[in-house]
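You will see chain A twice below: alongside chain B first, and alongside chain C after that.
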Partner chain A sequence: MVVGELAHECDVIIIGGGPGGYHAAIRAAQLGRSVTLVEQDQLGGICLNKGCIPSKILTQSAEKFTSFQEGENWGLEGGGISFNLNKLQQYKQQKIEQLRAGVEALCQANKIEILNGSAFFLSEDKVGVEKGDKFDVFRFRNAIIATGGTPEKPPWARELSELVFDQHSISDLSEIPEKLLIYGSDYIALEIGMAFQALGSKVTMILDDGKEDFDFDQSICRELKRILKKKKIDIVKNSEVLELQHKEDMFTVTFELKGKIETISGTHLFVSTTIRPNTNQLGLSRIGVEQCAAGFIKVDAQSRTTQKHIFAVGDVTEGPALAVKAIKQGKTAAEAIAGIQSQSDFHFIPIVAHTQPPIASAGLTEKEAINMGNDIEIGQFSMSANGFSTLAGKKEGFIKVISCKEKQVLLGIHMVGTGAIELISAGITALEMAARDEDLIFPNYPHPSINEGLLEAVEALRNQAIHIPPKSKNEQKLKV
Partner chain B sequence: MVVGELAHECDVIIIGGGPGGYHAAIRAAQLGRSVTLVEQDQLGGICLNKGCIPSKILTQSAEKFTSFQEGENWGLEGGGISFNLNKLQQYKQQKIEQLRAGVEALCQANKIEILNGSAFFLSEDKVGVEKGDKFDVFRFRNAIIATGGTPEKPPWARELSELVFDQHSISDLSEIPEKLLIYGSDYIALEIGMAFQALGSKVTMILDDGKEDFDFDQSICRELKRILKKKKIDIVKNSEVLELQHKEDMFTVTFELKGKIETISGTHLFVSTTIRPNTNQLGLSRIGVEQCAAGFIKVDAQSRTTQKHIFAVGDVTEGPALAVKAIKQGKTAAEAIAGIQSQSDFHFIPIVAHTQPPIASAGLTEKEAINMGNDIEIGQFSMSANGFSTLAGKKEGFIKVISCKEKQVLLGIHMVGTGAIELISAGITALEMAARDEDLIFPNYPHPSINEGLLEAVEALRNQAIHIPPKSKNEQKLKV
Partner chain C sequence: MEVKLHDIGEGMTEADINCFLVKPGDAVKADDPLVEVQTDKMTAEIPAPRAGIIKEFKVEPGDTITVGTTILILEAAGHDGIEKVKVTSHPANSPKLHEPLESFAAFKGKRVLASPFTRKIARENSIDIENITGTGPAGRILDEDIYQYLASSQSKPDPVKQKQAVVTETLINPPADKEIIPFRGRRKQIARKMAQSLSIIPHCTHFEEIDVTGLITFRKDLKILNQNISATAFFLKALSICLKEFPVFNAVLHEEKEEIHLASEHHIGIAVDTDEGLIVPVIKHVENKTIREIHAEMKQLTEKAVGNKLSVKEISGGTFTVSNVGPLGGSFGATPIIQHPQTALVSFHKTKKMPVVTDDDQIVIRSMMNISMSFDHRVADGATAVGFTNRFAELIQNPKMLVLEMV
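Presenting the complex of A and B:
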């Protein structure tokens, strides 16, 4: 193909309009750059249209349903409540359209040119955009790759791939599963499991890859297992899945557990999969952008690829497949293009789960902190001793802080309990500012509030939490 | 009365078992002091038994009731919900007893001697404790006065005082008022007004003392007025109440407004009153503890009175009548007694309201910042542009940050919207650590979350919030 003078000149071209792409586009426009954003499907990407947003509508609905069932305690009397998934799907559709319209309007207000089509690199400074019969060539000064990723089902599930739900397809489910099998151990698996359990499914979770535990700090894992047991969600751990069958509308998973072959059946199967980067169609080999073995694009803290004028952000790069990462990288890339030396830093990236109760975590887990050679102290406060949690009837969970013994600097904060997701930002701010325990002890906390749980977790580092009974002499001795 | 050798020797005596008193008692015990705690009524004080805790049970219930009414959007279908206040009263009683038992158990575990009775100073080192016919004398090394305060109704309401509800008696209300009149402009007036409106009352708020506005930052006041209008809660401002009458189960308030005499009637009247310190029975004149003109005990940042070995904490001291103040002062007093040089600092005390939506505020308001001579910048982000608020159907509110233009240090954070109370601790931590705007821009915020609203409010200081459309050239010029 000869492009020659037919190429459109453009300043910054961004391939992919998910959170990474559209944040990059708007930030670049704010900084005075002229931006062309190419999206092959819908603005907002997987996150807005199929991932984060729909899943949170599901978890919010499940949380409300549970809350309604507890209403009588609170003087709220009425007929039985039933759940209508179709109605929720309508609500979901409406909210997604509303949010997508918002992103479109913002792009327009920022004078971002939006193209619908598939984009790929023709050379180090040219991108082709294809849409049906139409084909355009853009010569760019800078490019940002924000093409995201695709769930990759494990080998045993590939043959039945169309029938098995993953994190991008589960939001389209049109009925509440009678018996839901979940394969996974991350926040997504937990969110889906707890939401459908609340809405009436019988749920079994098979931890992926033979794992012993969930992907959280060990104390959260312990609390999670207690909570899941109470919810009658079964857990299969340390197992290796061998085979998946689908007969008469039932899935049967065959797995090996402690040397024995066992099976488990369900009406639906959800797999929280690994993410494969969407790079196949990009023509990366033509432009010398390096990828790691698994295909993710290598980037530095400015989101810069091995080609200095080309950037990559989000799920197409290494690291956790989280929108928060894509958003930060997107803004950082745009700033780098504009000559600002900002960097992304994911040491204190929050991992949150909209479970019942929610989980929020940032910084090092206890094991990570020890493995890195830190001499640590642990402060932990049970929300059952928190006034607000008690009055609200939300006594499950705790807040745990991990501190470096020598420097008294906080290393990690792990929360499970109502309000954890909002409260984690206090922890993240503290972690980022290298707060010492006194920096969280000195401030004032509203009373009564779950916030006080964070204070008492930090006070517990000094054995000074007010609502923790004093340790016996023996316990104190053990600590020393 | 001759006491002589009959006095019991004691180390630290604390008069009053509310949040200030019991936090002081436990902290002093943690620090190795021997503590005697005298409470004339019930442990936990007004806060636990009649104030903060019961009021939050009411506001939580109202919030749930509202949420239930919106359930249909979320696929939750069922019969009409009705509200049974008696049932909520049972729940309240149960929770109060549970929390009180917790405080009692903690005091016991900390080997705190609890006495039931009225305490007063006999001399600079002796306290008498009276209970019925029994009278004991305690010779103390240190004393902490934590006797709290009593609502003082305005002069026009005193004659009918028994019939008029205040912040200590409202939680005993046995029916939902048909037409509730509220006199006040603080967080308590707003909580009570919005809660009963949600539960079915027709509510009118008369701002106290002829005020023009509520006790919050001007932007929150503006949003509040919009929200209250939507809820059909009427507001009477700039008025002077002249008279209160009660006839045939109806209250009639007569007030002057712009030179005209008007009246308004309701079935119930709630007054969010000023607090009078409980010092009358203490015999303060005998011990040389100074009080300010309004009767509050003068204390320093260590909660020390003008008698160096006697401390005072909570509502009996000057400053806002908030449990958070009492708690901090209580711990500080105990630490001072133990020789630790800690201090209370209420520059960044959170003011929160469990309204619908909630309000949380810390640091300087816009007006205060300007009046103190600061050259300020304002960043404000509407929660209607926040992804999580949108999907949750909770689009009301905003987050506003006030920053010093020269130093880029945050001076105040004001929030109204779902999750504000939990999120304010991120703001308070930032304020206490003298965070600059970059300290809140650098961290990662979970997506989607209301936390991102805080980030975008700070980004708005630089005109770089992603979800705020760019200002027109004219607006930008105006700013410069």
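Presenting the complex of A and C:
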């Protein structure tokens, strides 16, 4: 390595061009800083190229396929519908390139210098960027580490790691699995499971880590399990996986369930569990940027590391590996660098699953709210009583609102049902504004629309939802 | 790894070890509860930050330890050594207790009831918004609360200026002279009760001047400890102590039976001025409540009063009444009308800085407050009232005296 060369002077250097990195770059440029962005692969990072975007093309496709099958109700007649995965892959590639070109154009318009290569810290104020034989040194004033994370397979799946699909490789499948095994319980596991089920796979989910249930609010979990059962997606819970075998194109997972050894087989195996931060190659230890035991970079609410002029955003930091977190942290870090007192606050980070029907959630679950000592009230409204959901033939799901009995302040909003992901934003805004029930009851809602479901869920807190019949006297007595 | 005591919220600095929920040699999973600790505000379980085997304890049950103290040693359980990252935000336990990463440590802990815009104002002025008490609905922190906090931490607002502002406002909006106010509802109720009281009770009003400098200092000291307690809460507690010693002012005269019934419970009504007129919510059993409880209840009742949400229960049953007109400014005395069939009522007036001659003939500046005490002269006499207000003055002039009366 040649390190004697003159360093290029730069202002803000950002390592990694995923959502965290490019949002940070553009915000820093907007605030008058001069930005150098280093990306070793392609702009847009995992989110655009391998994660969020490709997986949502898959879930969208599954949703369209399902709705075509229901087309007859709408008077749509035609021959049988078939699904061509190759065509979807082409469409996916086209959309990814289109979005990536958009990001590139934006970076260019903001005069962001983009370097292709892998970067690592040489000292507290120097980064080396390597690309093939080329090696350049940059002296920076501020740096933002946005190198992301890599899915890590559980120990029992490591030997066959190449054959097992993870979050990044599943969207590249060239065939619809006949029998898909899924190990995991997060939103990705659910999205993949439901999408492939809709496209024709037989799906079995093994909840990771011996889990008893999914991580959503208890009511959502109950509805989710009902929906999965209806779709004939099997769930294995409370189990410990012991071994994985691969013979004659079949995976066999051996697991222990209630003291008994059982096996399950499938043509494909998808695993969604741990994310390991990409920090190994950065040389952090030599520049005094501290990491916690699991390797995540320690940051504060401004995404500042233990080195005051170096920031870290996204999956390299502790917390859920979600692009929404990376984006917020990226902008916060850029603003902090520009001297603005910004802050990231993830109390109301939305958790969404593009499942059929979709799930969206923000704030405290019922259990969390009670555990934190709140005296709570719950308003719940079933989407089967919503006019628009009914006419659209999307009656599954409900909206659940949790509020503090004493102050009427809303604590959490959980939804399952068509439109949930778009609608949760109204809930998040309300939560951030410290809204109380009246703040959501007072406004006018478009009619007919799914939005009215949120209104009626909040009205249900006061037993005043119009489309919920009054409780019978017996029920009321029971409640007392 | 060392498992340390972290700040588990509310700005705690230390905690007592209640008991261990594991023993050395136990294998634990991430999030398994390890030890129960007790702070002055809550009991909490510290969960395992990761899976492992308990190696040894570094503290003992009963120890009081500060944040950062190592509680026990947790050995990695072999395995893959990589902490599982939850991809959802709904961990079983509060993630505050995970690895000490400030940004996610505070993930679902203390929520600030303020809009993002308000929070930004606080940040831009380098104010820790958690130090601010919200005056908005449900305790929401408003822009004004932040500006007020800023003003009070920089320079005291000029009271003369404030007063002038009020005066100008009234001048700009002079009452329309031919407007008719309906004499119904609360206005009529007030009129009826006042007339009834004055016609039955021979009122006698006694004035007293009280040095509240000590109380102001005391409250400031408490504020540093994050205890923001209103002066009225102290007044109520002091009054309750006085009522215990002079129960005749907490009494009802039954003239026809020729009896004076002394009440042992102190249900003190607080006159609240609202748009609709005077209303008097009652704090029950002041004699059994701490000053903090009185403060909280008073705040809640006042909010309800202003929002016109008081229930009948909350405005009835009073045995004594206070009226704090101090915050309204102005008056240095009044002849308040007793709430029949009660026996007495005390009004607190504006606190002013005054030159006072001390026992050693020095002129010093003290904060003085006048009180007016009306009492039923059929039930009590002037000398008893003087005794009552003297005792009250003593407790307020030196609020430490209140400690001696703690039950």
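In this section, the second predicted complex is superposed on the first by the 470 of 480 C-alpha atoms of A that agree within 3 Å, B and C clash if a C-alpha of one lies under 4 Å from a C-alpha of the other, contacts with A are read in each partner's own complex, and residues count from 1 in each chain.
Here, contacts are C-beta pairs under 8 Å (C-beta built on N, C-alpha and C of every residue); 3 or more make two chains touch, one makes a residue touch a chain.
From a predicted model like this one, the values you see are computed outputs, not experimental measurements.
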Once the shared chain is lined up, is A:137 touching chain B (first), chain C (second), both, or neither of them?
neither
With both complexes superposed on chain A, which partner does A:338 reach: first (chain B), second (chain C), both or neither?
neither
Which of chain B and chain C A:433 touches, first, second, both or neither:
both
State whether A:349 touches chain B only (first), chain C only (second), both chains, or neither.
both
By the touch definition at the top of the document, which applies to A:7: first (chain B), second (chain C), both, or neither?
neither
Residue contacts on chain A - larger count, chain B or chain C
B
Taking the superposition as given, does A:324 touch the first partner, chain B, the second, chain C, both, or neither?
first
Name the contact category of A:444: first (chain B only), second (chain C only), both, or neither.
first
Contacts on chain A seen with chain B and repeated with chain C across the two complexes
322, 345-346, 349, 432-433
If you look only at chain C, which of its residues touch chain A in the complex?
1, 42, 49-50, 79-80, 82-91, 94, 98-104, 106-108, 111, 113-116, 119-120, 123-124, 126, 137-140
Give the list of chain B residues in touch with chain A in this complex.
19, 22-23, 26-27, 29-30, 47-48, 52-53, 56-57, 60-61, 64-65, 67-68, 71-89, 91, 95, 98-99, 102, 105-106, 109-110, 322-325, 327-328, 331, 345-346, 348-350, 352, 360, 385, 387-388, 390-393, 419, 421-426, 428-433, 435, 439-440, 442-451, 454, 463-464, 466-467, 469-470
What residues on chain A touch chain C, complex-wise?
149, 152, 154-155, 186-188, 209, 215-217, 272-276, 292-296, 298-301, 303, 317-322, 329, 341-347, 349, 351, 361, 364-365, 368, 371-373, 407-409, 432-434, 436
